[in-house]
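Paired with subunit B in one complex and with subunit C in the other, subunit A is shared by the two complexes that follow.
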Partner chain A sequence: MKTNINKKRRRRNNLWGYTFTAPSAILLFVFIVLPIFISVALSLTDFSGFNEPTYVGFKNYVDMFKDKKFLASMKNTFIYVLTTVPLQTILSLVVAAILAEKFQNAFGEFIRGTMFIPVLCSAVIAGNLFFYLFASDKNAVINSMLMLFGLDKVNWLGKSDTAMLVICMVAVWKNVGYFLVIFYAAIMDVPKSLHEAARIDGASPMQRFFNITMPSIRPVLYLVITLSTIWAFQVFDITMVMTKGGPGTATMSPVLLVYNYAFTDHRMGYASAIACILAVVIFVISMLQKLVFKEED
Partner chain B sequence: MKKIIALLLVLALVIGLVACGKTPETPNTDKPNTEKPADKPADGGNDAPPADSDKPYEGATVTWWHYPFTGEDQGYWDERAAVFYERTGITVETTIIPWGADGAAKLSAGFLSGTGPDVLYMTAETAYDLISAGHLLDLNGVVPQEILDDEIYLAKTATGDKQYMLPYAGGVSYRGMAFNLDLLKAAGVDKVPETREEFLAAALKVKEAGVCEYPVMLPMATAAETTMTSILPNIWSGGGDFATPEGEVVFDSAENLETLQWMYDLIYTHGVLSEDCTGIDTTAQIDLFIEGKIAMLWGETWPYVDRAAEIGFEWTTSLGIAPEGGKVMTFCPTDMVAVNANAKNQGAAIEWLKFLLSVEQRDNFRETNYTTLLQLNKSAAPITYPVDCINADMAAAGEHTRALPIVKGCSTMTTEMCTNVQLMMMGELTPEEAVAAIQAACEAAAG
Partner chain C sequence: MAKTKRLSRREGSTAVRVILAVVLIISAFISIFPFLYMLALSLMETSTMKLSWERLVTAKYTLDNFKMAFKQGAFLNYIKNSTIVTLYAVVVNCLVSSMAAYAFSKKKFFGSRTMYTLYLATMMVPGQVTLIPTFLILNKFSMLNTYSAVALPTCGAFGVLLIYSFMKQGVPDELLEAAELDGCSEIRKFTRVVLPLLKSVIISLAIFTFINVWGNLVLPLVVYTESDMTTITQAVANMKTSHTATKYGYIMACNVIAFLPPFILYLFLQKQFVEGIALSGTKT
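And now, the complex of A and B:
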């Protein structure tokens, strides 16, 4: 009897749960899940955006691996990820550690606040700002500063290597504040008693950082690296505003390529195929990261 | 109780989201206050009006999509729609769509969902896809012949024997060259170059004299500038091309290789063109020209017209240069107007189209929106542009300008030309490699 009553109560509670989560679930399905399936379906067609899609099998996927622009965009993205992710992570971690260790005061708050401002700034504004800072003519800010010190002006956004460097710089500038706040909170969450005990035992700040802080914030470190990797693969706005993927294909990213193919070249089917491959790549890398962190655990 | 309140809040959220999903109507405070009876159904263009009516389509509504020109476009078109309404009783609802990919996305979504415009301003990049998908109406036999006969550039917008589009904004930013005559004179150059040989000789003199920072500037920073301004005028003037009207890719030719080699040599052999060209956009180049830092450059027309008052030195323009014995050709966008094959009221749409093509409306558009608009009507009086050198160029424009062909993959082809020529100008490809890469990529785009 009691079991029946409990079952009924559980069923009623479950029903309430389903009712409240249903709108979100429906929205999630309609705007996230369903478009993914539609995108996969479109990737098997020659849909231009104006015509009715015609099935072409895996032709788009075959063409993709012969497409120099796609290959260049993937190469650029790996360079971008390998540059920005470590830089952002290390910089934000080091600054957070220093602030947590030495500056738990108004000055520390000021630094955290200041470094968070770029995060609030839209990527489009940031891109435009740095575009004018790094413009190639000698009147641009950076070039005029270089010439002030007797150096030659640099064609920052017109050369392959320097254009990518500038893009990475903008991304790091924009994202460091976000991860700094996350790391700071995590570091502050490490029990002070551990640090006290280590201090009494004669451990230096560096030893405490690597042997106490780092192991304690591992989950957060995993989160930061995963997030920043996924965001790096999705880079679009900065490259769109500053270089539009150029010069040549020097700063072309897969997402920008998808945008160009879909809306400028009217090759929605092909663009969908690239988007699918990108999703698979991001998924594989995320799984690999999870494995790495799990193994070390 | 709490659960019920929470449930009600969730319902309110869902209802709010559903309500927000409705497309808001375009605000149109100048819209004439009139009742609109049901539109006449589209019947393939045979919706013959009552014989005794001088406003045969009174009460109909036409949707018109247009790109922005001045930033106050909605207000402008609402005024013109009011003028049109007085004459015809047809209400025109204007939507201003953004240039570039965002506008193309809106067109795509509109046509696929059946909410596309009745009359649309369109560019060559979207033309092929709209035509092949059957979205555009063949205007032959629908638009009165005398109107078609009055169009100077009718042939430029024909697709075989069909006329899906008509010229609308021709001449807008045709590409040409600008010359700082003071700098040229200071370097000992007395004649504005007309051939590549004269141009190179002048550039070398300017470089030797050291009178300015950039003897030559060729826009190479963005796709539109690179292809339309730097590549197409020079390959066409060199006697080459990238695609035939039938869609065959012909970029791999001796003429195009010669042209690309010539462009490459400007940087790497003669040193008259700075490697900065891949990093300085058109706006910055115009600024540098006005500051007297560039002696000769390629560019669009309208900035010189709009900023002529800022130029404090003697200057002139031309349509471009060609190899000795060749013919100067340059790019001139012939943006077009078309009618939706599924327009709700084709008759009313055609009336609006006729209004757009009239001398009166084109003159009005030129005066208020775009001063460098080409003369498009044979019956119109000759146009005088505010800058003398532009007048000479405009007079010759018809014979020396070309627009993009309406072929499959045209947009991709222009992007591929840009990408590979940029790589060439950065020294990462040789001219031969660039030609081969462009040919292969364009062939892939053409299917």
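And now, the complex of A and C:
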């Protein structure tokens, strides 16, 4: 009798469990799980978006490695990752550490609040603003500052190396505030007693930072590095707004390339293949990062 | 001797403090300078992208740029589209995510573990992989150019994981059991007991979703093929290359308008927002 009631209860519990999960699960299935399978399937076809997809095997994957635009976009991404990830991680970590160490007051709160504002604006607005700040015009803010110091004006977005530099700067400018909040919360979570004990032992702020704070916030550090790496692979808005990938392919990002191939050139099969490879690359890199972090523990 | 040494160390630490404060002020200034530039230009009369002290003092200030934006029917339509699609996404995402998080956390139904792991796994899937199929699926259901086309794909696993991480401490099991003993139905239990307790984390998710959808470019670009669905973010992204390209004041005014809703939201809900980010950073 009792087991019968229990069984009934469990069944009821299951039923409500499914009911409550269903709306979310359906959306997740339709817009994420199903698309993954479709993407993989499409990547093996020749598909313009209008015709019936025809199976071509791994042709798209082979073509990719002869595609100058794709290779350029991957090279750009690596430059972008190597520039933005260390910069925004270190900057936000240092600022968070300084705020937590010296300015746990209204001033510190003001600084955090102000540095967070770039997070609020869309990448489109950020791109727009920096587009004008770094315009080639002699009236543009950055160039007029350069000329004030007697330097020549620079065609920032018109030259390959400086264009990439500006785009990296926009990303760092926009992301630092976000990671600052994460780091600050993590640092504040470190038990005060640890710091007190170290202070009594005569440890300098630097020593305490490297020996107490850093080991305690490792999981967060991992999260920030992984997150900013993944974001780096997904750059779209900033390049779309500022350079459209140019000059040439100097700032072409893989997602912009996927978009262009799929929706401008109508090569959806090929674009899907690029998207899949990107997913694999991102996955491998996150796993490597996880390994590195685990190893050091 | 000992005294002077201690004193000088304190002085040294004050000096360090001042230097650090100056560095922080400079970085904060860099963070907001582009916005100050945007605001200044949007309020000025002449059409140049120059900004100097001299100009700040001598320029004629006016609201004409904003008036020009609001005079256009198209612009009002962009704002309407952005508002509808954003609020739609916020409501659906918050509701659907809190329901699922509740089930994962408190129901422990058959298969819930596996499903939760699957949710976690989808967080690894980069957006570009789902972009083309999302377009094809929406096309198949004749849902391109609908608000759902942008709102629904936004409801991923993030919200569920965020609320789930809050649920353990935020919603005590005892309260649920008490409600059950009082004869609360499941739905009542969810709406009357669970949802009120989740208020702060739901507000966090709402702000995340708002900023994401409001500023989203790639999805509207793909799923809105008709211009009357255009969002303000799309519109602002295109302005530099259109016929208004040299009306800097006007372009900046439009950017200000596009920036204001997330900014105002932040001013009012700063605490929840920051807590939400901290939660997503430390717990998930």
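One rule holds for everything that comes next: the second predicted complex is superposed on the first by the 283 of 297 C-alpha atoms of A that agree within 3 Å, B and C clash if a C-alpha of one lies under 4 Å from a C-alpha of the other, contacts with A are read in each partner's own complex, and residues count from 1 in each chain.
The working rule: contacts are C-beta pairs under 8 Å (C-beta built on N, C-alpha and C of every residue); 3 or more make two chains touch, one makes a residue touch a chain.
Computed from a prediction, not measured in an experiment: that's the story for all the values here.
When both complexes are overlaid on subunit A, subunit B and subunit C end up clashing with each other. When the shared chain is aligned, subunit C comes close enough to touch A:272, but subunit B does not.
Shared-chain residue A:209: touches no atom of subunit B or subunit C.
In the superposition on chain A, A:80 makes contact with neither subunit B nor subunit C. In the superposition on chain A, A:20 contacts both subunit B and subunit C.
In the superposition on chain A, A:159 contacts subunit B only, with no contact to subunit C. In the superposition on chain A, A:51 makes contact with subunit B only, not with subunit C. When the two complexes are overlaid on their common chain A, residue A:117 makes contact with subunit C while staying clear of subunit B. Using the contact criterion defined above for the overlaid structures, shared-chain residue A:137 touches subunit B and also reaches subunit C.
Touching more residues of subunit A than its counterpart among subunit B and subunit C is C. Touch criterion met: A:286 reaches subunit C, while subunit B stays clear of it. Of the candidate stretches 181-189, 199-207 or 253-261 in subunit C, only 181-189 runs into subunit B once the two complexes are overlaid on chain A. Overlap of the subunit B and subunit C contact sets on subunit A: residues 16, 19-20, 23, 27, 49, 135, 137, 259, 262-263, 268. Per the touch definition, subunit C reaches subunit A in the complex via residues 17, 20-21, 23-25, 27-28, 30-32, 34-35, 37-38, 48-52, 95-97, 99-100, 102-104, 107-110, 112, 115, 118-119, 122, 124-137, 152-153, 155-157, 160, 186, 190, 211, 214-218, 221-222, 233, 236-237, 239-240, 248, 251, 255, 258-259, 262-263, 266, 270, 274, 277-278, 280-282. Residues of subunit A touching subunit B in their complex: 16, 19-20, 23, 27, 48-52, 63, 67-69, 135-138, 155-160, 163, 244, 246-249, 259-260, 262-268. Across the complex, subunit B meets subunit A through its residues 3, 6-7, 10, 13-14, 17, 100-102, 104-105, 107-108, 111-112, 125-126, 129-130, 132-133, 135, 213, 220-223, 275-280, 284, 288, 409, 411-412, 415, 418-420, 422-423, 426, 428, 437, 441, 444-445. Within the complex formed with subunit C, the residues of subunit A that make contact are 13-14, 16-21, 23-25, 27-28, 30-36, 38-39, 42, 49, 91, 95, 98-99, 102-103, 107, 110-133, 135, 137, 139-141, 144, 173, 176-178, 181-182, 184-186, 189, 219-220, 223-224, 230, 233-234, 236-237, 240-241, 254-255, 258-259, 262-263, 268, 271-272, 275-276, 278-279, 282-283, 286.
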